[in-house]
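Below: one structure in structure tokens.
For reference, chains read A, B and C in written order, and residue numbers begin at 1 within each chain.
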Amino acid sequence: MRYARWALLALAAAALVTFPYWSAPWESSRFATTVVRDALILAIFALSLDLLVGRAGMPSLGHAAFFGAGAYAAGIAGQRLATDQLPVTLGAAALVAALLALLIGVLVVRSEGIFFLMLTLALAQIVFAIAFQWTALTGGSNGLSGVGRPMIASLDFSAPELIYVLVAVTFLLVAILIWGLVRSPYGRALIGVRENERRMRALGYDTARLRLSAFVLAGTIAGVAGALSAYSTRFVSAQDAGLGNSVRAFVTVLVGGAGSLGGPIAGSALVSLIERIVPSLLPTDLRIAQAILGVVFIVFVLFARQGMVGLGRSAWLRVRR
Amino acid sequence: MIETRELRRAFGGVVALDGVSLTLSEGERRAVIGPNGAGKTTLINILAGEISPTGGSVRLAGQDITRLRPWQRARLGLAHVYQRTELFAPLSARENVALAVAARRGPYRVFRAPPRAEYDEADAVLERVGLGGREGVSVRALSHGERRQLELAVALAQRPRVLLLDEPTAGMSPVETARITDLVAGLDRALTILIVEHDMDVVFRLADRVSVLHEGRVIADGTAAQVRADVRVHDVYLGKAITVA
Amino acid sequence: MSFELAFQQALNGLSFGALLFILASGLSLVFGMMDVVNLAHGAFYMLGAYIALSVVQLTGSFWLAMLAAPLALALLGLVIEPLLLRRLRGRHLDQVLLTIGLSLVIVDLIGQLWGREVRSLSAPPGLDGSVTLIGGVYPVYRLFVIAFGVALAAAMAVIYRRTKIGMLIRAGVEDAEMLGALGINTNRLFASTFATGAALAGLAGVIAAPVFGIQPGMDTDPGLLYSLVVVVVGGLGTLSGAVAGSLLVGPADTFGKVLFQDVALAVIFAIVALVLLLKPTGLLGRIRIAR
């Protein structure tokens, strides 16, 4: 029974990674590949945010700063160092995002609730302002174009199928990483901090450091997501670091269900569906995907705060009973 | 074991502690009593490191801990049972205690489930406080009395050298009070305990020595019998102590 | 910087500050009373500007727009508070999240209804000229903005201190639940507070339109971001905080853009971060932390 479950998961993972190949006969395979690719990037981004929102109880509204920092770092490192090597550019993305998260994290980890939310928003806005106005480095309002292609040794990942595979494999690795984190003593400690920080301190946990470590870890993973986005579109926009992108990640986490592994993934599927599929079903002059997303979000906040995963769980319990 | 020297603390213009010096030797069980507003909770909070004193010092096993943060004190062997229940609500009793057990090894262990041994140790502690059989129940489903027992279990799981008990029987029924009193009385004699309590029966049952706090000062200090006989204590308590005796 | 230029910039800074006050006062009021940081405030501001645009196109009257836009926003607030926010009473963080959703909906619908191009609204006749002040030519409309901001602040101060409603507001900022215990209908109080906050955002949208233009993205910048900056710097939830924040941020931003150009935006948000870190309740804020 247990092995069957693992085998099923492995099969699903293999199917996910090879999606562009087995879907190739299908007419809209190319479009579907980019949609799933972008959904997986959003899922990585949302999984990293959920480490803060769902596990450690830190409602960050500035997470796009790290996504943007990773995207810019990957692009700029490639251009300045004149290399397409993935280990270099992705390493630069992770490093820059981690350092930025450390810097911002030191400033924010002691505040809570609405103040944490506003402080992360304000500090992320500084990052956005720098991205938007430092034209010489980032391309400013025009964005950074001509991001290098991702290569490992002589293997070029820039073809649509291969960049997809790169994204899907990274997604799986991140999901495994986070699964390993949350079930470990570290993950339990984060939940302890969320539920009762004062008690955790009295038990001998350095909670400020715990929160900081989660913040840096989440920022680093967001930076990796940003780099993947830069490789995919070969372009970085200042909006990648903007409030809209932070809100998007937050909405994804909450709609899917905070504090679970499946939640951010389900959320990114739903958000991608609304952003990419629903518009094609509506008349072309009706561009209200964001409004639909907003309504869906409001409904979840009002009636299903546990998100899609929570809904699924209670439905499952009802069926079994 | 734990010692304060001339502890002072003022909130704005209000002096809560006005030079409190206490010395507890190893294994001693000391009760601090006094009317409301005497500074008992302030004293406990300063000992635990949750608020800092305006003057004076705190020593634990000879080491000056006045400037240490709560988590550092906990690492040195100080455990604190709060007046109000402070637990991790959605977690089970076992997981609550396991967090305290795991604290000794630190949180930076990833990619493995919490070791079986930590849960076994948690279960053993729960058994000791009379919560055997309730390990898997979430905090929300426990009664008030059981939560207080769980609080004690969490504190004991830290394997402390000094235990601070802030009104452990507050809001309890007589049966529950008797149970928790028996539990504390039956603890390892090597453990140093400082207890703040209103219920005089509990105080005289548990404490080797009693310190009486009044308006931020220690006005009497001695064995339970000495304090019971002290006239000043009667003045402060308006005869409350006599009814106990 | 020459004296004339400095004077001109000072006036610009003041008029920006006055605009910021109109914009931020609503956000501050709602936070003070309801403990909700309304992240849809920028969307309300944007909606006010677009409604004004339509009213001016239909009737040709800027003054009518200045009446209609706040009124429409007030009505919207009167619908939103009981229908949505009230269901989450006491869950402040969820209420804040709800306003994020509201903002997404309102901004997208504005784009759908009015289009996603940059629009402009000219100052009303009589205020569209300019005057010569200390050697410089200066737009009359900006002087009007300053006067309007001062008048609004004065009117609000009088309402706060002299009227029964003002007394309720001040008491509500201290402890809104307490008012309920005293037999005040808090449902009605919260609904009217939220409506007033929305109306003030709408008013700011109208008044700012001739200065900043009307375009997609205005909900965030200047709308939400600057009103957050003002109330955070000045202190959440108090009238004097909103005044102090506007007077500080308006000139600081204006001179920052002249002196530092590229990094001005970063400078402003750095100030915010600094204030939040050193004094989380703002320079003049009350000590009450909502979680």
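Definition applied: a residue touches a chain if its C-beta (ideal position, glycine included) is under 8 Å from a C-beta of that chain, and two chains touch if they have at least 3 such contacts.
This is a predicted model, so every value here is computed, not measured.
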For this session: Could you find the two chains linked by the most C-beta contact pairs?
Result: A-C
For this session: Would you kindly say which chain has the C-alpha centre located farthest from the C-alpha centre of chain B?
Result: C
For this session: Taking all protein C-alpha atoms shown, work out their mean, then name the chain whose own C-alpha mean is nearest to it.
Result: A
For this session: Take the average of all CA coordinates in chain A, do the same for chain C, and state the distance between these two points in whole angstrom.
Result: 32
Exercise. Rounded to the nearest whole Å, what is the centre-to-centre distance of chain A and chain B, using the mean of the C-alpha atoms as each centre?
Worked result: 44
Problem set entry | Approximate Å spacing (C-alpha centroids) for the pair chain B, chain C | 50
Problem set entry | chain B residues within the chain A interface of the complex | 48, 50, 69-72, 74-75, 79-80, 82, 86-91, 95, 98-100, 102-105, 107-114, 118, 154, 158
Problem set entry | chain A to chain B touching residues, read off their complex | 180-181, 183-192, 195-196, 198-207, 210, 213
Problem set entry | chain A residues touching chain C - in the complex, by the definition given at the top | 59, 107, 111-115, 117-119, 121-123, 125-126, 129-130, 132-135, 242-244, 247, 250-251, 254, 286-291, 293-295, 297-298, 301-302, 305
Problem set entry | Contacting residues of chain C [partner chain A, same complex] | 37, 84, 87-88, 92-94, 96-98, 100-109, 111-112, 220, 224-225, 228-229, 232, 262-266, 269-270, 272-273, 276-277, 280, 289-291
